[in-house]
Amino acid sequence: MTQAWIPLALTLKVAGWATLLNLFLGVTTGYVLARKRFPGRDLLDAVLTLPMVMPPTVLGYYLLVLLGRNGPIGEWLVSNFGINLIFTWQAAVVAATIVAFPLTFKAARASFEVVEPQYEQAARVLRVGELALFFRVTLPLAWRGILAGLLLSFARAAGEFGATLMVAGSMPGKTQTLSIAVYEAVQAGQDDLANFLVLVTSVTCIAVLLAAGRLMPGRVPGQS
Amino acid sequence: MTRFSVFALGLLCSGQALAAGLTVSAASSLTNAFRELAPLYEAQHSQTKIQLNFAASGALLQQIAKGAPVDVFASADQVTMIQAQEQGLIKADQRRNFVSNSLVVIVPLQSRAAPASLDDLTTPAFQRVAIGLPASVPVGRYTKSTLEKVGLWAAIEPKMIGSQNVRQALDYVARGEVDAGFVYGTDAAMMADKVRVSFTVPTEAPILYPIAPVAGSSNAEAAQSFVEFVSSDEAAAVLAKYGFGKP
Amino acid sequence: MVWDVHLRKRFETRKHHFELDVSFQSNVRRLVLFGPSGAGKSMTLRLIAGLETPDDGHVQLNGTWLFNRQQKISLSPQQRGLAYVFQDYALFPHLTVTQNIAFGLRRGLFNPRRNFQHETVTRWIEAFHLESVANQYPEQLSGGQRQRTALARALVAKPRALLLDEPFAALDRQLRLKLRQELNELLDRVEIPLILITHDEDDVAALADAVISIENGRSGSVTTLGR
């Protein structure tokens, strides 16, 4: 049953990186969309939400076409850096990041919108710079909503299957994540292995959610 | 508003309810051939409507084993059908072989490096080789056993890019994501504009596809009739068009 | 001249159209902008503080340009060195009273710690009698305590001028009287110019050296009062 630990480690690695990427991408995007007004803002929001509603295989197909050796981005990567993303764990990270991105950025945008602009304005008059006030005022007031979005992101990234299969393939130890391993075990009639993998996945998810619940502190005074 | 609700309800309830359905689970490599055979059969048997279901033979077996309502099973190798028989899932007395196929090594059309033999695949010129997952995909099983016989599996396995079915392996080669791939001769013919055959792999035993009615089928008569149709000369002519040989 | 202000800004939404055109020059220490709700008083104050940008005009305080469209000067709110107290105080809910007051003293990426000690902060806490609530959070304070905290926070950084947006609006009459008096005493000590906006005539009577009426986005002339 040691076969389960490698996919588990790989899944955690891929989901971990994807969530970390989404922390930066999602929070930045959420902030910009919450605070800046510009024509086409709602359209941009809708486009950025697409990966969440698009079937993962469709998304995987687009990624394959873009990142593949003959695709626009893939070819650029190969000729300039000698990098081919397809069938690597990095491709799995790309797929997982994209499908989970809307969860983070939407939560971030909603959380930032709820923070009254007055607090940021007060900080400005008190001579605190933009970057500093983001970390000292905006983020502390928005972080709980953002964290909730990140958790959902992590779960989504860990469960990602369709798009991952298309661009990362299934290579034991390299790109065979838990969900793919389960799928293949079932296809091969290895029910015992499938059951064990499913059990490992479920326990891991519950553990992550419990740990996150512990991390969230009690009510911050002054906030509901 | 009511008109919309009726429409939505209609959508939800839609589906064939008139003709008797016959569900045929067939290996991926049979996709195009069976899509042409099904209407031919329906034309001769107007009371039957065929539903085709394609995937790797191993996956199809699991579906049937778990109780999927399948009437006919056509697999790409004997091993899977034997497993089905051992589990009592098919009517063994009506099982028969209906086509033969070949195992080939293909490369992307524009590729300059083309292996002339299995040994060539062990060279650094070929970093990635698409092979079906041996645990569930017959073409992968054929590949692995052939390579094992000539002692090359250990050298080639690290380069293997596993595919869920033979068509996915074909796609990887067509896209240029891998340097070479193992598929059936019939599949290579399907994408002659994107891949080219390097050489045919000599397999220990000929590749024969079996077909059988499923034991739990609710439409035993039609199932048997379809199996006989697929084994007929008329069907053989259609299958030959796609590159399948006689059994 | 203490204040030389000329502000023009146009607001257009799909339904409304509002034009602000406010001008005044004043030499007095305590200036009150008086007018009904929606007249544009808050907006005027925000434009002076740099929280919004006018379409045209200039703002000069004691000879320094804070904004001048013609000369292309536009200081950010951070650079203007003013003190601003919002109508509902805008105290940072996640920081204690001490941390709130000390907020402007730290410029980096971190807030002052909970046990932050600083001479100026301590002085203001004592001046406003906030010792008992120094470690509490804004939601635990009374209205009067919040107002004083907001004032202390604004004054700690030694501002050039004090801008107050309806400072007594949220308080009951008793408290209002008390706090007006406190504010008067404070302003006597601190000696920095003040602009206060209100719709309450009693505020004008108690605090103003001069008053300007603002109505419908337009300013009237400056009326000096003997106080």
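The letters A, B and C name the chains in turn, as written, and every chain counts its residues from 1.
One rule holds for everything that comes next: a residue touches a chain if its C-beta (ideal position, glycine included) is under 8 Å from a C-beta of that chain, and two chains touch if they have at least 3 such contacts.
Just so it is clear, the structure is predicted and the values come from calculations on it, not from any experiment.
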Innermost chain, taking as reference the mean of every protein Cα atom displayed
A
Among all chains, whose Cα centre is located farthest from the one for subunit A?
C
Distance-wise, how many Å sit between the C-alpha centres of subunit A and subunit B, to the nearest whole number?
36
For subunit A paired with subunit C, centre-to-centre distance based on mean C-alpha positions, whole Å
43
Averaged over CA atoms, how far is the centre of subunit B from the centre of subunit C? Could you give it in whole Å?
78
Given the complex, residues on subunit B that touch subunit A span 56, 58-59, 61-62, 65, 83, 128, 133, 135-136, 160-164, 175-177
Touching residues on subunit C, where the partner in the complex is subunit A
46, 49-51, 76-84, 86, 88, 90-94, 103-104, 106-111, 137-140, 153-154, 157
Quick one: in the complex, what on subunit A touches subunit B?
64, 68-70, 86-87, 165, 169-171, 184, 186-190
Considering the complex alone, what residue numbers of subunit A touch subunit C?
116, 118-119, 121-129, 131-132, 135-137, 140-141, 220-223
